[in-house]
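Okay, so here's the structure we're looking at.
Should a chain be cited, it is by its letter among A, B and C, assigned in written order, with residues numbered from 1 in that chain.
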C-alpha cells in the first residue's frame, strides 16, 4: 500500500501541509485558552449561590452537551450573518470550538473541585494556614492533579474537533487533504498525510499527559 | 420576514423528519455493530495473546488520534481506489461503527480489568473454563462498570453521526445545511436542528447518569 | 496425595520457593506457617496451579501438575480452595455461589446441584442464609459459604489460604469449627494459618517456612514445645506475644 503512495505529490504539497498544521495548532490553542476560561466562568456560575446564574450555566452546558459540534458550528456560521454580524470564518470557528469545549471543561473542573473532601479544608484551617495559603497549597493543586488527564483528554478532542472547521472553508489540516483530493484527485495521499499530522499532535499530548500526571503525583507525595 | 421564513420552515418539517430518521438509522446501525465489535475487541484485549493485544492497541490509538471527519473521508474516498465502491450510507455506517467499536473496546476492557483478580482466581480454582469464567463471573460484574459509560458513548455516537453529512448523507445536519440555502435564517434553521438532536440525546444523557447513580448504589450494596 | 519433589519457583528474579520437598498423605491435615513473605501462600497456590512452578515435580492425586500439557480442569475439580478474602461472586446468592461450578464443570442438573448446595450450606451451618447475597452476610458467614462452595465439588483435597486472617476475632471460631469437623471426617487438608490452637488440635504435621524454604516439619506438639531451629523459635515467640 505504501509503495502505491505518490510521495512526490505529498512533498510538493508539504509547504501547504506545514502551513495548515500551524493553523490547526494555533486555532486549537486559541480555542483551548478560551474554552478553559469559559469553563472556569461556567463552573463558578454553576457552583454559585444565585439561582439565576446556576440556571444559565446549566442551560448552556446541557444544550452544548446534547447537540453536535457541527450543528453548533453551522448555527454560528449561518446564524450570525442573519443577525447582521459579519466576521471572518476563523473567528466563527474559534467561537464555536471555544463554547463547545468550554461546556466540557466546566464539568471537568466542577468534578475536580467537588472531589476535594471537606476534611482537607478543615485540616488546612486547623494547621493555621490562611485562606490564600489553603487555596494555593492544598485546594487548587488537588483538582489540578486529578483533572490533568481529563483536561488533556479534552484538549485532544478539541484538536480533532478543529477538523470540522474545514467544512466552513477554514484552511487547516483536514482542508489540506480536501485540496489534494479536489486538485489532483489523490484522496489517499491527501487524507493519510492529514491523519499522520493529527497523530503527531495526539501522541505528543498523550506523552505529555502521562508525564505531567507522574510529575504531579510525585509532587503530591512530597 | 421572520414569519415568512417560519412558514417555509414549517413546510420543510417532513424533510427534517426524514433527516431525523436518517440520523437514527446511521447511529442505530453503528450502535449495534460498534457494540458487538467493541465487546469482542475489549475481551480480546484483556484475555487474548500479546500480538492481538498489540494490534488492538494500535487500532484504538489510530482511531482516537485522528478526527472522525478524516476517518470518514478515508473510508469514503480511499476504499474505492482499492476497488471497494461504497455509497455514502454504508461508508457512514462503517466509519461510525469503527469509531464506536474503538471506544467501546476501551470501556469494556476497563470494566473487565476492574473486576478484582480474586474473582478470576476463585473461578479458576473451581475448574471453570476461560469462557465460563467470562460468561458467568467476570462479565456480569464488569457490566456495572461498563453500562454507564456505554450509554454515554451512544450519546457521542448520535452527535458524531452529524459529521457524515459531509459526504452527503442526508441526516439532520445535512437537512439543516440544505434548508439554510433556501431559508437564509441560520439561527432558526440550526436552532431547529439543535432541538432535534437534543430530543434524541437528552434522554440518553439522563439514562447514563441514572445508570451511573444506580450502579454505584448497587455496587456499594454488594 | 500431594507430593512436591525439588520444586522451585521464581517471580521474575525473586526466588520464592526454594527446593521444596514434602509429601502429604490421604486424610492428613498439614498446617503451613511462617512469617509473611515466606512463600507459604505460594506453596499451596501451586497445588492447583494458580501459580505455575518452574522446576521440579508436583504430583497431586497421581496427576502431574508440573506438566504444562496437562488439563488442569480435572485436577482443579478435585481440589477445593478457600481464599483469605473469600472471593465470593458478589452478583450471586450463597446457593448460586455453591452451584455454579457443579453445573458448569461437572455438568450436573440444576435441581441436583441445588440439592447438593443446600446440603453443603447446611453442613457449614448456613441453611437459613441460602438466598442471601454475599454483601448481606458477615465475614465469617461469607467464609463458610466459600468452604461450602469448595465442598460442592466433592473434592479429595481442601486447601485453605489464611482463611481466618481477614475476619474479626469473634468470627474466627465459627470458621475454624467447620474446618475441624472436616478434618475429623478424614478430608485431606493443607491449611496456611497462624491459628496455633487449631494446628495443635487438628494438624498431623506443621510445616514451618521461611524465605521460600521449608525449615521444619514436625508434629504440632513437638514444634510448639520444642522448635529445632532458631528461626522457628523466633517465629513462635513473635506470634505468641500477639
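Note that in this section a contact is a pair of C-beta atoms (placed from the backbone, for glycine too) under 8 Å apart; a residue touches a chain by one contact, two chains touch by 3 or more.
Computed from a predicted structure; not experimentally measured.
The chains touching chain B as well as chain C do not exist; no chain touches both.
Among the remaining chains, the Cα-based centre furthest from that of chain B is the centre of C. Chain pair with the most C-beta contact pairs: A-B. If you average the CA atoms of chain B and of chain C, the two centres end up 46 Å from each other. If you average the Cα atoms of chain A and of chain B, the two centres end up 20 Å apart. Annotation: 54 Å between the Cα-based centres of chain A and chain C.
Multi-chain contact residues of chain A, defined as those touching 2 or more other chains: none present.
For chain B, the set of residues that touch two or more other chains is empty. In the complex of the two chains, the chain A residues touching chain B come out as 62-63, 65-72, 74-75, 77-83, 156, 160-164, 166-167, 174, 177-178, 181, 187-188, 191-192, 194-195, 198-199, 202-203, 206.
Of all the residues in chain B, the ones that touch chain A in their complex are 61-62, 64-71, 73-74, 77-78, 81, 155, 158-163, 165-166, 172-173, 176-177, 180, 184-191, 193-194, 197-198, 201-202, 205. Interface of chain B with chain C (complex): residues 116, 118-119, 121-129, 132, 136-137, 140-141, 221-222. Note for the complex: chain C touches chain B at residues 48, 50, 72-74, 76-77, 79-81, 83, 85, 87-91, 100-101, 104-105, 133-135, 146, 149-150, 153.
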